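Some structures are shown below for you to check.
One chain, subunit A, appears in both complexes that follow, with subunit B as partner in the first and subunit C in the second.
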Partner chain A sequence: MGTATRAGIQAPRTGGASASAQSDARGGWRRRRHALAPYWFLLPYFLVFAVFWCWPIIDSALLSLQNTRVNPWAWNLGINWRRLWVDRAFHAALGNTLIIMAIQVPVMLTLATALAVALNSPLLKLRPIYRFAFFAPVVVSDAAYSVVFRVLFNGQFGAVNHAFTALGLPTIDWLQDPNAMLSTVMVAMTWRWTGYNAIILLAGLQSIPRDLYEAAAIDGATPADRFFRITLPLLKPILVFCLVLSVIGTTQLFTEPWLITDRGGPGGGAETLGTYLYKQGFVSMNFGYAAAIAYTIAGMAAVLAALNLMLTRGKQA
Partner chain B sequence: MLRTIESRRRWGTWALTGGLAPLALLWLAPLYLMAVFATLPDYAIFSPDLPLTPGGNLLENWTFLDDTANFGRAMLNSIGIAAVSTVLSLLLTSMAGYAFARFAFVGKQAAFSLLVASLTVPYAVLIVPQYVLVARDLDLSSTWIAVIVPPLCYSIGVLFMRQTFLSLPQELLDAARIDGAREGRIFFSIALPLVRPSLAALAIILFLASWNNYLWPLLVATQPGARTAPVALGSLIGLNVVPWGALMVGATLLTLPMIVVFIFLQRYFVAGITAGAVK
Partner chain C sequence: MSALGRIAGILSGMAGAAVLTLTAPAMAQSDLKGEITVWSWNVAATALKAVVPDFNKAYPNVKVTVEDLGNQPVYDRGLAGCSAGGINMPDVYSVENHESSVFWARFPDCFLDLKSLDPKEADLLAKFPQFKLTELTVGDKIYAMPWDSGPAVVFYRRDMFEAAGVDPAKIATWDDFIAAGKAVQAKAGPDVKFVSNNTDSISTTWFRILANQAGCAYFDEAGENVTVNQPGCVQALETVKKISDAGLFLNAGWDGSLQAIKANRLAASVYGAWYEGSIRGNAPELSGKWGVFQLPAFAAGGNRAANIGGSSLAIPSSSKNRQAALAFINFALGRPDSQITQLKASGLVPTLPEAIHDPYIQQPQPYWGGQKIWEVVLNTLSQIKPARGTQYFAEADSIADGILVAYMKGNGKSAKETLDEAAEQISAATGLPVAD
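Up next is the complex of A and B:
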């Protein structure tokens, strides 16, 4: 924790009896000024934080308990929460989000781990080129890469279907077929976020002491042994961090389905909790229902994050 | 013996290259095709053979983009908004981080716990009430205040700066205090200059986040003249006939500057991204 400063360091520079009373008074003032200083430093951030974080959290709960489809808004404790229970479109969006989470996150993290190990290998040549290829997507805006993937996955003349034809595979209507739509979104997300996770995992790998591997090599451990007995266990806390981050990110996925598959796709095939929240809140302007969806997302993220932490901690014991 | 180790090494290099090189090409393909498509007329982008080389339609595509989506103006908005956001956010987060790292005060533990807890709450929970507050109650739609201020809540930045300020030697600050310097002066003229590399890493992450932000500006920067570049780009997707070449010019303009910055300042990006994970 922080090295706490001794409160109020008095430094009277003037000596003599006549000055001592004055310096005492000044010392007292200075002590108070110093005691107040941290609050002044905190004030600007916490003002913004209170207005745009704390208040919205409360207001979101209040909104979810109001009927916002009448003017003026009226208290109706159950209207939005009951609707969540019976709303088929919401259930579909929830299902799609969970499918993406269950498939895309593990695939991406496996790929990111493999990538980090490869990039960390002393045997690799041309490392800067590989780092650029995999890390560059980290800086690309969601909106930009989403429209690019929309072109690449075009059902007729997209680059992906060109490649499929060249390989003798049947072409797929990537942006129309419900299952294909979800795959398109997942491929795009994997392109964008694998390098991001690999950067974090690579930093983790570099913090593992080299002599562990040297000792294992002397004991005759194979590369597979070294990976599963040394690398993976020591990397686990960071993998869990990436997992929790990815899961929280996926619960509120919005831009990719919105822009790649045209607002969640025909028939809502790529509707996610994020796009559904947007439609309810900012297309239908039903803020109360959108707030209930938002709290569901938060609750889900909290449960999943806790579950991840519990499961991974359980394994270690 | 030596020879087998040597050949095993070479084999390892080849295996790594064989696995990684095709994957790297696949990863670079979207960016390459984006740049190529930006120079082609729409009919050429969707032709029976995948076009792999640039054409001569870049200027026409740009003109269409600027005429239809007012993209030049949107880029200027984005640059201005990202610059102001970055400076303000650096100031706010470093001041708060400094308070947490360098002072003992009543309520410190509670305030700090609140910030850490806020990290686990998805942004989705904030967006509806933030919109109601900013666009409805305060009627600030399409102003820079609306676009810039709410995203200044960036608790990771505070934690990052706290971590940074914890590493400063206390004697330095005490010496200034004994000399009678005010706390504000100590912060601005001694503490801040000492943590310049961390500020640079944070600045890059903040600028990138603001430059790339899509959802919040989409909600509050609704007037065509107030749009940011990602919002202007997304608006073209809604047209009846989507202008693909123009879209790719816009995507390239959004991406290219950041890629150039990334090439030269890679270690700052990496420092910013790994800040929360590895301690």
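Up next is the complex of A and C:
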């Protein structure tokens, strides 16, 4: 969307500039025609945007103001929004989402940074193979990998508990215990997305000029100094980019809790905003309330993204 | 424009033709032609598949495809199809009775009134017991035909009980059941658990069985009040907690429980009688080692009957072969022979009264150690207390699930406090008042 709008603004300006050399009457017509050209190219996109984005956005706002559990639906401005305040299941789902955001995202980004630095080391042989290996989980479809995790973490017959028993550790009911469920989901997400973030961070690392490190080494900076005073500050914009992507991804989290812990698990132990929204909309057939939840998620994602961006704007390296 | 106009003309012509075919009077049996798709799940799908060969003898030109989608996907895809205006639906749709109200209430045009398809249909439907029809009826429309019911019983391993010196005939109360469970587990070792908690995505199965046994449910029979904090439900929840606290539960869902049964790691199972076909089909090598007894009562001499599950078949309005679909439903559910075929194949308990009196019911079953299990099961049928799922069932169940899991884990609250909280939340979610 961002690029499309930018192209839409810039294109007419250049069109106008080239047309200004033309003679008056014909030139005016041609200028207008040129000025319109980009919009014609954009038209197919805007049509799709109007039907599949604008309309649903407006329609779901209207839905959230209706009681959709009567036939026919009736206007009732507060019914769904009021429920958000008193619905403890919604609060639990929100809590789970925030817990994942507070634990899984930082852990994953730390791992990804460490991995990126390791992959960037000149000492490392066969680098492309490692890069591919760590990026590979993203290539697997999320449904397929979720099912594999579900089998691995099965409480009675899963490989993970077998390994625990072999090591003399007590087994954990990964898919039914409320706390364990959330950890299972976080482990799975970390497996899948760490490599992806590491590759993005690696690209950032490679854009840091080598001579900075050389100069620092000559000045007697230790490797730790070099990491914290050169690598991290220069990597910050990329890290923030990864952070924003991960945080928005977490607010919309659906596949992993739905498939690994069986629809958010018994008792909603791994219920997230995404699974709760789906259940309200398509299991309980409560479209109005689901729309209110969807708007809450979108609002949350926007606020969190804005906060993250403000973090960087203050001290630009 | 003219090209568009022509296409529109052709389309409307086709639509007209379609209307003509649909409104044509019901054809003679064997003349019925076409293909129908049936959506169902595991044992239920197996049962319907078992009926198809006989059906094709009577209707050779109707091709029936039974698709086993799994229980929850059938519900999910049905709701999605109906909310999209009735697209991508099969010709015959399986629905669990307690979950069915949401379809009739929110999408009154998604399924056909069976009576509207054939003038003789009303007579056939009238043969079914009223408690099965209540949830399928709205006004004068009947949206589905009752299929099976789910009297809950205890399935148990004869050899494991015997080894522990436990006599199932002496298990009269849930306290006896817990004592028996401890004895069996002590004898069988740490790998064996007494019963599965039957928990897939929702943990409420046990609670719902025992609540129904105690005559309590999320809502009252009229579906107008929240009743989940009534004494019967409190008693049910306390009992489930006692079983859990005694360490008798295997935490496992549908697949996990069947695996445990096959691996000799489960000594008993409490479920609807439809589980019979799953145990038998899953572990044929355990033939002769399994038996059945009625649910223990809350107090000696009390009610030992409860229902869990039980389904019906409906015809979506989008079906292009309505008469063939109706013929299949009538054949599979409206004839005692077919119902017995399904009982043999999957253990689906008939609701058609004529089928209940079939001689097969009285026969000893070899898999079950020669026990006349269907007699045990059907003897409870008359004591089952009717309950209504209502259109809010899924929502209430999901709320109760969250609150019950916290209680079972031990959050220090009493069963009454827990269910008061559930009642308040269900009331807030549905707008229905909590009953006094």
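Observations on the model:
As a convention for this text, the second predicted complex is superposed on the first by the 276 of 317 C-alpha atoms of A that agree within 3 Å, B and C clash if a C-alpha of one lies under 4 Å from a C-alpha of the other, contacts with A are read in each partner's own complex, and residues count from 1 in each chain.
Simple rule for what comes next: a contact is a pair of C-beta atoms (placed from the backbone, for glycine too) under 8 Å apart; a residue touches a chain by one contact, two chains touch by 3 or more.
Computed from a prediction, not measured in an experiment: that's the story for all the values here.
Once chain A of one complex is fitted onto chain A of the other, the partner contacts of A:D59 are limited to subunit B, with no touch recorded for subunit C. With both structures placed on the common chain, the touch criterion links A:A89 to subunit C but leaves subunit B unconnected.
When the two structures are aligned on the shared chain, A:G264 is found in touch with subunit C, with no touch to subunit B. Contact with subunit B, but none with subunit C, is seen for A:F132 once the two complexes are overlaid on the shared chain. When the two structures are aligned on the shared chain, A:F241 is found in touch with subunit B, with no touch to subunit C. Once the two complexes are overlaid on the shared chain, A:A159 sits against subunit B while remaining clear of subunit C.
Of the two partner chains placed by the overlay, only subunit B lies in contact with A:G204; subunit C stays clear of it.
Once chain A of one complex is fitted onto chain A of the other, the partner contacts of A:T251 are limited to subunit B, with no touch recorded for subunit C. Taking subunit A as the reference, the larger set of touched residues comes from B, when subunit B and subunit C are compared. In the superposition on chain A, the residues of subunit A touched by subunit B in one structure and by subunit C in the other are 154, 156-157, 262, 282, 287.
Looking at the complex, you find that subunit A touches subunit C at residues 69, 71, 83, 86-89, 92, 154-157, 173, 176, 178, 262-269, 271, 279, 282-287.
Those residues of subunit A that touch subunit B in the shared complex are 2-5, 7, 9, 11, 13, 33-35, 37-42, 44-46, 48-49, 51-53, 55-57, 59-60, 63, 115, 118, 121, 123-126, 129-145, 147-152, 154, 156-159, 162-163, 191, 195-196, 199-200, 203-204, 207, 238, 241-242, 248, 251-252, 254-255, 258-259, 262, 273-274, 277-278, 281-282, 287, 290-291, 294-295, 297-298, 301-302, 305.
In the complex of the two chains, the subunit C residues touching subunit A come out as 72, 75-76, 79-80, 83, 102, 105-106, 108, 199-203, 250-253, 256, 259-260, 265, 391-392, 394-395, 398-399, 401-402, 404-406, 409, 425, 428-429.
Interface of subunit B with subunit A (complex): residues 9, 12-13, 16-17, 19-20, 24-25, 27-31, 33-34, 37, 45-50, 91-93, 95-96, 98-105, 108, 111, 115, 118, 120-133, 149-150, 152-153, 155, 158, 162, 166, 170, 173-174, 177-180, 182-184, 187, 208, 211-212, 214-215, 219, 230-231, 233-234, 237, 244, 247-248, 250-252, 254-255, 258-259, 261-263, 266, 269-270, 273-274, 276-278.
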